[in-house]
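The first chain written gets the first letter, and so on, giving A, B, C, D, E and F; residue counts start at 1 in each chain.
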């Protein structure tokens, strides 16, 4: 009916196959000589684990919103997986990891994964197929965008979200990923340590969430109507799958199946545990030890250990986890006292947890754990701490500022929010034409 | 009380241990020389991932039925995992992959997994234990049968389903698996390409679903009463776990942890993403972009890339995924306009998606990607396309016809459907004596 | 307000990081020469799978309780993961696997994982990092404690549970793990076979559950009020994830990615399947084949094959699984006829299933399957059966007795149960200040 | 004016709703309730054993009706809800003092 | 004929149901509702903070009763539902004009 | 004494509850129901197609009120529940014969 522009896409879609095919005509030939099957197995398994984290975030968030917005929340996360996967293959991977342009961004040489094949790329991972690296990294881009859903729930227009997400992935995520992780990226060249995405994933999404929430504005009835989480077992399902998937996230970031991967695995689990216990104790001291708190504590610990996982040992992990519990707890408490509807505390948990983790890496990092890493303050290298702080400041500022601008633009052009009545009825009905649960 | 025949089984069961033991007395001795630990790790992890797809299908389907049939739907999937696992060990694996009899079926030489042990079988996979191949393949048999549940929900008698499932696994699945995948199988000899089960799994189950729905008949009130999906988050849980598990399904089908596995992994993710986006756009152009649609689109893309995953690159994957979204969307729309209660569109998604994927393999397959594969039409080999079409026709006809006959026989002998009143009350109460959700 | 003692922890917590750090100052240096990447990949993947089993047990149990206690049940499992993870790093691993003290317990030499690093420990697993072994074993300790939740649901005080769980892990689990699995452990020296934890995990938790239920007493209204399971799909989610995770549990226990791991994988799946079918038939013969029964049957089969998985072949697995279905079915039936509120049948399923599995190992074990194992009665070694029986008796007695004493002590000191009114309102509100599901 | 309250079987709701609509009585309110009465409870499965539940799922239908039409409505419901087996339920009629339409403030018949 | 409507605590439902049954009053209909009144709401946890909910879960019991028996029923409910703390709820009695059994068409007392 | 029963839009519950509380009428009972009336049903998505649902979620509010106050309460509800679009719902008033407080046994006005 009204959506004629969508209809007009159809012939274009039919055409697409033909065009794209050309680019694929000469995929890289397999030269498997240097591939290690064990390393490849672990990285592929890890990529699968990280993919699972995106629906997991969907459940984690959906359980915390009201029933009438449950599907909207899940669907935004799910569609991010699709959207970013395609963006990544078409140009996202190339922008992030492609041939460096002045330390700032990758070129388009690897667009459509041209020249990216089954043989390893020794710059990134010498013992696994280049395609394994590509897909492992794809999952990181996806989950980072999915994290932003937590800040826009219950009021964003679905179409506006899709547009914003595409822009954000390209202009914020891909850029920061290049700076921190790509050969030639300027923060990497500076010596910033980020084992599995403390800055790239968590600081970037956390600070962006704050900017986005400020542009988007509060939910109708925020602070006045009760907004009870509608399904806490669903939240725990999400948290459980996140904990599970995070082993791929962190230990997979060793890009090999070795002692370092095992170390990252152990410290990931340990930090999550420490943070969970601290959150439990803190919330107990203020009231009762709730399930939501415990689940949030676990995520905070996982966030904080992310940049450090390949540079610190298990005892430092306890400290990092405990610090995450403490800092994120008070960050969430602080935010809930303000009048900012950063709805599901992406800033409080991922932003502040990521900042703490990145800085803590500058304290606790040790070449005993990873000879390819660096020593932190506690091992006599205060400079590393400084570098970490610079990286945090740069990533925070860039992501907050660009997000603010993008959000303002999208708001001006298509409008970020649904109509008031649509918000009242709920986004499930108004944006997706569905109800999460039938009455009978 | 009334089920005395079941009681009379008990002494027999007690006896079973003794009998079976004999067959196990000389299991194959471990000769691990040629086993590659990395390949084995990936195939075992993949087998676990594919196992998870069966409860995942259960959740995917259960969320779409009415509350009163939720358990029935899940339980049929769950029990299929048990039933087919035992069938596979006793004789299914032997029928499918055992010593070939004239290209048509495997012999019973490997019944009870006699002679099948820890050493590799070089015919199927030279670097992993034979038992790893056995169990990886077992998971495929299970999931294929579980897919059929989508067509019989809300009205089939549980006992009839068990009988039908056992017959179908043996006479349809095992036979087609032999034709396409076994050493000596006639479709394999013909040169048909099916990397991970486009024909064996999806075309066979999709076409069978159609036949089965036609014999079984419509649900009471079909087209008249509202049949609202009772729990869409559960559907997304299923879809999320399916996407996750499909990496094992497709990338595990490399039977090694190498560049080809990485390629299969990447194209699987890419096709799923493309199909999801296309489905979203199409449903948006007709109404709203629903969660069910998006989840179904993902599954359609995963289905279509299945036969192609080891033969095409990422850009072809976008084309295959987009085609799947388009074709399956209209197939489902077409079916819902007919008066056929193929309830959860196994034909529309798996049947048509599988056909498209198998044929698309004949277009896009390239020896650049897999030197052990073949070139498709676009690489100058129109013959491959023809072979693919033959394979599709053979598998479609065989599975439709045999399913029809089996369904008629089971209906005549024990009756396929529950009584009208049992259907009204719901299968959870009438078949399983349970309610999915308590009131308080 | 009232919880001042908790507040006073805060300065202590701030101090913690500093203290702990010292211990980490000299982590073991990586010597990766003997590490096999494939083996490591499989053990890490398995550790992730086993971690997932703990939330899975949470869902499995939570679905079976009343709505008002759903969060309490899940949260106890979740917090166990955190608690035991920290205990394990601090001293649990050292007590269990550290330098043997007279066959009875490990010393504190490895407390804080001092000296435990990325290089393999040949005593336990020569081809994977020592830390990989540590974390794989950590997951076993966690899940064992989480199993106990099934016996205390709907009435235990959260604080009392935390104290009890900490004591139990240390004084029951760590001790038995040392006896059966540690170099120098006295039951291991005796020749007891327990591949993946039949006695250490299942007999210990099952017998402890019985003692704990007896001390704790019955739920208010037990046997009088209906206690309908509130969400059976959640139970199946738990069971599905358990089946999935159990592949890591059993096949991961090969501590390598080889033929033995593949064998363990196959028999695990086969026994689960056989037990599921037997439970279905038995419950059908008494009434209807319910979903809860089928899911419980699967778990019973998985429990029983656990000790045997690395010593028996697929046909013996059918016998062991079928036996488990039979024995656990009647054990659960027997218990529900008594006046003991061992609420979710940890004794019936894990205790009796574990005992049957441990003894069946003494029957069916064969050096054909595992040359490093032993022969059982059927291969002419009745002595092994005797040893298995001794191990079962020792573990049963020790865990029952110590649990009884611990429970009595905790009850005397802090009180095990919530107040009557708290129990009536439900533990979600009274212990955690939350409701699992909002009304709208 | 009267209020009609019908306690019926959940599986009859579709037919009752359609029957009413066909005769022009669209308006109604539906609640999921549980009931017990002459119909005996059901036996449910619990792993290896069974237990009894005495409260069965029922549907409560509420219709505010004109004094002249309530008897017709009762008859339509009765016919469509009937299976002839114990547990078909009851229809109860109450007096109504006033009815107001929120949107317009109309009262009495005009509010229906 | 009368309709008795009781708003009670969910945790008393079991006892109230049993008490009624023991005295021979099996028939009833049960609805899950939420209520507020003199009892103050509850404080719930949200991650690091807390919030108030003023609607509390309650059970609504509906029983259609003979004119001669309603007072007895009210008394049974009151005793079994009582805890003595604020929030125990109310029992309300309404007039009934007619009652019909769906299955048989019986009216009035015969329909009970 | 009267019983006020209001069928309103779920999204107005918050405002209605607050409005009543502000005017001193705290006590009420809330039920989730579904209704149909003049407002037409909604179209929902099913994968590639659509279907109609005619029962829409509504909230039923029940308030037992003093004879002197029920009109004020009706007015408060009406104002707070009103959006002006079809589907705002009805408020119905019934006679009450007796009310008893479970906790104390008080009857009539004293029980409110």
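Convention: a residue touches a chain if its C-beta (ideal position, glycine included) is under 8 Å from a C-beta of that chain, and two chains touch if they have at least 3 such contacts.
The shown structure was predicted, so the numbers you read here are calculated from the model rather than taken from an experiment.
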item: Steps needed, at fewest, to go from chain B to chain C via touching chains; value: 1
item: Pair joined by more contacting C-beta pairs (B-D or C-F); value: B-D
item: Centroid distance [mean C-alpha coordinates] between chain E and chain C, Å; value: 44
item: Length of the line joining the C-alpha centres of chain A and chain D, rounded to whole Å; value: 51
item: Where chain E touches two or more other chains at once, by residue number; value: 31-32, 34, 43-45, 50, 54-55, 94-95
item: Touching two or more other chains - residues of chain B; value: 36-39, 41-42, 45, 226, 228-229, 231, 237, 257, 287-288, 290, 292, 432-435, 439-440
item: Category of the chain touch graph - line, ring, star, complete, other; value: complete
item: Residues of chain A touching chain B in the complex; value: 3, 6-7, 9-10, 13-14, 16-18, 20-21, 23-24, 26-27, 29-30, 32, 35-42, 44-45, 47-48, 51-52, 54-56, 58-59, 62, 70-71, 74-75, 78-79, 81-83, 85-86, 89, 112-113, 117-119, 128-132, 134-135, 138, 158, 231, 234, 237, 257, 431-438, 440
item: Footprint of chain F on chain B - complex, ascending; value: 226, 228-229, 279, 282-283, 286-288, 290, 292-293, 296, 329-330, 332-333, 336-337, 345
item: Chain B-touching residues of chain D, taken from the complex the two chains share; value: 11, 14, 18, 34, 42-45, 50, 55, 57
item: Residues of chain B that touch chain D when the two form their complex; value: 221, 224-226, 424-425, 429, 432-435, 439
item: In the complex with chain B, residue positions of chain E that touch it; value: 10, 32
